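Shown below is the structure under consideration.
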Amino acid sequence: MSDQKFEPKIVGFLCNWCSYRAADLAGSARIMHAPNVRIIRVMCSGRVDPSFVLKALSMGADGVMIAGCHPGECHYLEQNYKAMRRFGMLQHTLRGLGVEDKRVQLVWASAAEGQRLADAIDQLVADVRELGPLQWAGNWEENGERLQALEDIVKEHEEAMEVTA
Amino acid sequence: MVADTPSDNRSKFLRDVIADTPEGERIVHCLQCGSCGGSCPNGAEMNYTPRAVIAMIAADRREEVLTSNTMWQCVSCYFCTSRCPQDIPITEIMYALKRMSIREGKARKTDAPALAKTFTDLVEKYGRSFEFGIASRYLLFNRPMSMLKSSGMGMSMFAKGRLALTPTRIRQVKQLRAIINKARELSQHD
Amino acid sequence: MAEKVGVYVCHCGSNIAGKVDVEDVAKWAGEKVKDVAVSRDYKFMCSSLGQKLVEDDIREQGLTRVVVAACSPHLHEKTFRRACSNAGLNPYLMEMTNIREHCSWVHKDRAAATEKARSLVSASIERVKFQEPLEPMFVDVNRATLVIGGGIAGLQATLELADAGYPVYLVERQPSIGGHMAQFDKTFPTLDCSACILTPKMSEVGQHENVTLLTYAELEEVSGSVGNFKVRIRQKARHVVFDDCTGCGICVEKCPRKVLDTEFEAGMGNRKAIYMPFPQAVPRVPVIDTESCIWFERQKCRACEKLCPTNAIDFDQEDEMIEIEVGNIIMATGWDAFDTRKIPQYGYGRLANVYTSLEFERLCNAAGPTNGKIVLRDGKTEPKSVAIVHCVGSRDERHNPYCSGICCMASLKLGHLVLEKTDAEVYSFYIDMRTNQKNYEEFYQRLLGEGMRFVRGKVAEVTDAARKPSEQGKLIVQCEDTLVGRQQRFPVDMVILMGAIEPQVDAREMGLKCGISCSMEGWYTERHPKLDPVATMTDGIFVAGACQGPKDIPASVAQGAAAAARVAGMITKGKVMIEPIVASIDEEGCSGCRICNNLCPYNAIEYDAEAKVSRVITALCKGCGTCVSACPAGAIRGAHFSDRQIFAEIQGALWDAWQPRGGASEEAEAVPVSAP
Amino acid sequence: MKYAYYPGCSLEAGSAAYDKSVRAVLEQLGVELDELDDWNCCGATEYFSQNELVATSVIARNLALVDGEHDQLVAPCAACFLNLKKTDKLLSEQPVMKGKVDEALAAGGLSYRPGRVRVRHLLDMLYTDIGQEAIRAKVVQPLNGLRVAPYYGCQIVRPLNGFDNPEYPMKMDEMFEWLGAEVVDYPVKAHCCGGHMTQISEPEAFELIRRLLQSADEYQADVILCMCPMCQLNLDAYQGRVNGHFGTSFKLPIVFFTQLLGVALGIEMKKLGFGKELVSAEPVIRSKLDGSSVGAAT
Amino acid sequence: MSETAVTKGKLAIYWAASCGGCEISLLGIDTKILDVAEAFDVVFCPCIADGKVRDMEKMQDGEIDVCLFNGGIRTSEQEYMARLMRKKSKVLIAFGSCASEGCIPGLGNLHNRDAIFEDSYQETASTDNPDRVRPQAATRVDEGTLHLPVFYDTLKTLDQTVPVDYYLPGCPPESPRIWEAIEAIVAGKLPPAGSVIGEHTTVCDSCPRTRDEKKIKAFKRTWEVIPDEETCLLEQGLVCCGPATRAGCGALCPAVNSPCIGCYGPNEGVEDYGARLMSALASVIDSEDPEEIDQIIEQGIPDPVGTFYRFSLAASYLRRSKQAVADGNGSSAAAADVR
């Protein structure tokens, strides 16, 4: 990796039947795309639990892709609609937590749409690159004041004890 | 890491047309079916049919296309666009070609470019257009002979009260000009 | 106890090694990742030597988990599962990492590809530690098969299976089997008479001892799964008692009500209110069309009842539900024709002598309304010129983007029939001529020789607005002759629109009943477009013919036979394996909130009102996991895709991003707390 | 119902009859029409031929002028309608273009949020918003016996503007059936009138005009109904020259559809701008209808 | 409990960022408190008895048998006390929702210190603070430096600060559950360390309402409907958190026709309470149209974070909002740091 450029780390949850195969197809057709998405296979986009997305963000992912069969084309008939509903709910919540919409994207790509998936990956990477790093864990770190304060308490108590002793 | 983008080996002319046309990317999907050329009310009068023009754009035949009469024969009826099986915005491509042709000095002095210029000059002066001004000025400067032929008709129009000799002037001409000047300035930045 | 993970990174020749530093990935995994006992790279992991490497390590090193970083699991998961099994390791304790399709083949930068490969391998290692041994399940396969659709594809599939000695139920919604092929006059490229080659097959099906033929019947509901489907079929009321009817036809003859036949005759001819669609219909049992029957309209007539020699007419007959059990289902529901009115500039419905190709088929057919005479709508004038318009509603983003495939050949056939039967000139307006099957190009050549005229250009419009006297009274076909580059107008007497082949309007609905999916256009989705074109994603359901995509007769027959062969294979094997990737509910944790209950499209979750808990019916569960992520109590578990496995996989994938921060454990000791 | 109204330059002079009849008809129907204050020319097709950004900015000024009280802008002229509609679409779909137009508008102290104003064609508004029932209820003078050829032209129905079939529009046909007229279903009702070709190259334009006149004539239309000033001008003012050019003798009155709609509503012909057309329409209309009752409502 | 009296244990009760409700609930065990007194010496409980930190510091490590610690960790003092109590106690119990998952004080994680100070010391209607005085960690006076605890940007749960042995959920934990836990401690019948002492199912289990398959067209606010008393509140469109909330309260809220708000936290094995709830609720939305879905969510759940994470924001995967950091303290620099 180059020194200066921010390379987003993105986790992709791809359904086994359409989008994972679209990624396979992008491979066999050698459709080049950005290497930032680390793909995790699930049986259906309906399996993608909002906690997967939250977990990934909390563990340092800068963005998340959820990809499944097109609405109406689900291998499990209609489960991608549930993915769609959950995604809506999740986005709504993430907005409340200050996470930009474009960091988490829902993509439909059929097994025949290697190009579409590759384009979506490039788009997501570009969007996240523009937004910058997320580094969520840094979010709940306190500044150096905290350790100093703890030491102060210890010191103060020790001093107080010496007096009483 | 290097962004993986496909190398662009499309012709310069094609890239220019795509860049200058809203939704111009569709142009590369042309099947050369000819439904545009078949549909065009003026297709028979064109040097090249719209279909042929699209092929020529892809083949980088800039000079031939920009000096042709094809786009100037376009009457903006949108038949080609609404019938195109590939959703190519052909009418908008014609507009783009008109603009490129004027910009690159390839358009013939007379005909449509001159009409367009006459028209817009008036708009900039008054904020509105009026037929008499356009017709008289344009014909006077560009096609004086046909001025004579038209004059009979013009007279009857005048008699019916349908030819205003002076245009209506809008109140905020200055505002309009400011907008136009800014837009013109911004389009030169590209 | 810590697991012992073996990691195997494949070079795939240079396919992976060319872009990913596989040695480095293997070395890194072996040295830096916790619980990795063995880590190797190898030229071709899928070779027998590569597999042996895994097997030996399992035996000798006592590996408890295996990660193979190679190609897509869709290619070689089975291979490596087998290898693990051979060495005595449960196959579900193996995980494949896709570093070829998802990595080396799609990235240019070697360093970036290697880094990604590392993350993917790390994800698999973390995941595999939480994988659990699973046992595949086996069920018996019912020997009976249901074929839906009695067109040529369905007939072929039915006969193949029935001839092999297996029982077949054939369901057809029309009163007769035969499908679209029965409407045609000739078939390309050999020009056999369609009826002559189809009728024997129809009667064979009608008489076959292994075939239960259910015509005028509709699929109502499918439940169960591969090997054991339960199917409910609605037998629509014919109002003719099937077993009593001899097919003599007196009722049809005497019926006083004539109606336009918009189905078989495509609106070109009439039929009676009680009718058989065509003379060679199978079964030879008519139906009463209650929409047009005088009795049903105003309680008068009953001519058929009075004249029937066997008293087979039953006006009170009602729809009947038939329940059957089958092991496999073949969908052969066929196609529908594009509504050419959607392209008003072609004038269909407004300009009399514009025809659809199906109308023209009936016009040509010796058994059709004009006895095969090609005449205009006035019923007498023979056309002097005929235009055939290709790609009407196909290859068109505004209607159907796909190529209908068969229309080029069909238009050559129709052109030939016009040339053979009339003195007319024939023009064919095409975008591209597609004649790429055996003897098709030869047929094109033949028509070129016969004088059919080909104009390359998509027709812009068909109009009756004449511009000059020579166009008066004609239909003018306007298009650009793209080979000349000029706009041209062709005055003709008759225009035939080659409308697109479309999926049946209710294809999606039918698919939902069987649990198979459709493409966006409405074609059934095959398991693999190249390597598995007859199976679907749902085990035990196969597709044949045009319901899977536009197809001509030879291709439909081939696919029908192929689907039958697949079913026969299933039956011969006798048992079918079901992947153990299913959901299960922990009844302790389940509070019976019933949120999961209607999430399952397969009705695999049932609610026990007594115990106030929901349960998964394992045999029906297909393992999508939607209920798992819906359960608010976290009481549903998805085998092989459990939360724990996926969380571990996320953590592994982000190994380079995740440094635990702000947690309790590692910092607790660092900050002093004053001692006494 | 309240609409902002963009008459367009043609309706100020050459097609004053259109403007007059629009106002009269809508008043009769009880629709409030507020002319957009200080609107400027939409540039017809001419600005787009030169500079897309200028074209869009000039049109966007009009959209920006629509005040907060109005969210619908009605345009009777085809070119104006298409330009306003197209601009709104461009601005909402092309962010780069929108950025520049925003800047240009700002130079004039204006701003516009795409999608705020819904651009409607007059026919759409009359057909959809007012509707069959309300219009029929106001018919005083049914048009029985009059054969009308609705002529739609191009830019109102194409490219897909959402309210009618771009190839074979029917809304005006239906409307005149409500009014009792015999509607002529002729094949060229959405073909081109020649547009600005009359100004550039007459032979081509004349041929296009002839095709329309001929087809309407073959179908024995008494009158052609227009909804675009350019169409009316080309078919009406050039009819004589077309006759001269081709040796034909068409004498087809060309009126705006609102003029005849006004007649049906019983508005006096003078108030509808009759008499401004070069091929006189009044005699035909009066002779086909019961002349004495024409204009009875006023 | 007579035999336990022989070896009397030491019990400490401490509160950090909490409201005191936990203590009241503890007293709610009623006369059984006498049994507690019989089994334990209460060595430390600032809420009800005088006691000095100094005495705690003097104790041997692990001298206290059980410490019930309620409240989240919001200041350096609280962190210090958490560490101290950890060190001195054999068994440290996160007592109640605040210590376990942050509870209402944890919603402060939607903001940061500056924003909270601005609100508390400036914006409230009753505040008059023209000099914009703010609490300072250190103030120099003639006599020396005075210290106040440092107020953190992010409230942490107890186990995000020190290792915790058991959790007792609830806001507050219901008295009978507290008594059950004490009994278990006394009897030495504790689950494996790290467990929640509580039920392994959800509120629905104890809710008597009739339930059917769920399909929701619109979520409603409590003031919009008077719910039917018999049927599941969720089926009536009310966002009832019962399905996702650990049982233990006895379905108190649904019993009075009010939806569960989730104070007992997630069920056994669930890490992120809000994710479970939003996933479940989204699953039963009755629409396949993305726009309609958005509308149902936007209109029905105007405050998603407050709805899904009312009690558990600080313990959720994300713990806090992002925006607060960007305009807040020093850690924003870390966020801008480019790899």
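Every chain is named by a letter (A, B, C, D and E) in the order it is written, and numbering of its residues begins at 1.
Quick note on the criterion: a contact is a pair of C-beta atoms (placed from the backbone, for glycine too) under 8 Å apart; a residue touches a chain by one contact, two chains touch by 3 or more.
Just so it is clear, the structure is predicted and the values come from calculations on it, not from any experiment.
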Both-way neighbours, i.e. chains that touch chain B and touch chain A: C
The larger set of C-beta contacts, choosing between B-C and A-E, lies at A-E
Please tell me the distance, in whole Å, between the geometric centres of chain A and chain C computed from their C-alpha atoms. 34
Provide the C-alpha centroid distance between chain C and chain D, rounded to the nearest whole angstrom. 49
Gap in Å, rounded to a whole number, between the CA centres of chain E and chain C: 53
Where chain B touches two or more other chains at once, the residues are 1, 4, 79, 83
Residues of chain D that touch at least two other chains are 167
Do you know which chain E residues sit against two or more other chains? 57, 80, 83, 156, 276, 279, 283
Within their complex, state which residues of chain D touch chain C. 165, 167-168, 185-188, 211, 214-215, 218
Spell out the part of chain A that touches chain E in their complex, as residue ranges. 1, 4, 6-7, 49-51, 54-55, 57-58, 71, 78, 81-82, 84-86, 88-90, 92-93, 95-99, 132-136, 138-146, 149-150, 152-154, 156-157, 160-161, 164
In their shared complex, chain A is touched by residues of chain E numbered 53-54, 57, 76-77, 79-80, 83, 109-110, 137-138, 147, 149-150, 152-154, 156, 271-272, 274-276, 278-279, 281-283, 285, 287-288, 290, 293-294, 297-298, 301, 303-306, 308, 316-326, 329-331, 334-339
For a test of understanding, state which residues of chain D touch chain B in their complex under the given definition. 9-10, 12-16, 38-41, 43-54, 56-58, 61, 90, 93-94, 97, 100-101, 103-110, 154-155, 158-160, 166-167, 191-192, 194-197, 199-202, 204, 208, 233, 237-238, 240-241, 275-278
Touching residues on chain C, where the partner in the complex is chain A: 72-74, 98, 100-103, 105-109, 111-113, 115-116, 119-120, 123, 508, 512, 515, 517-520, 525, 529, 537, 581, 599, 601-602, 622-626, 628-630, 638, 641, 643, 646-647, 649-651, 653-654, 656-662, 671-674
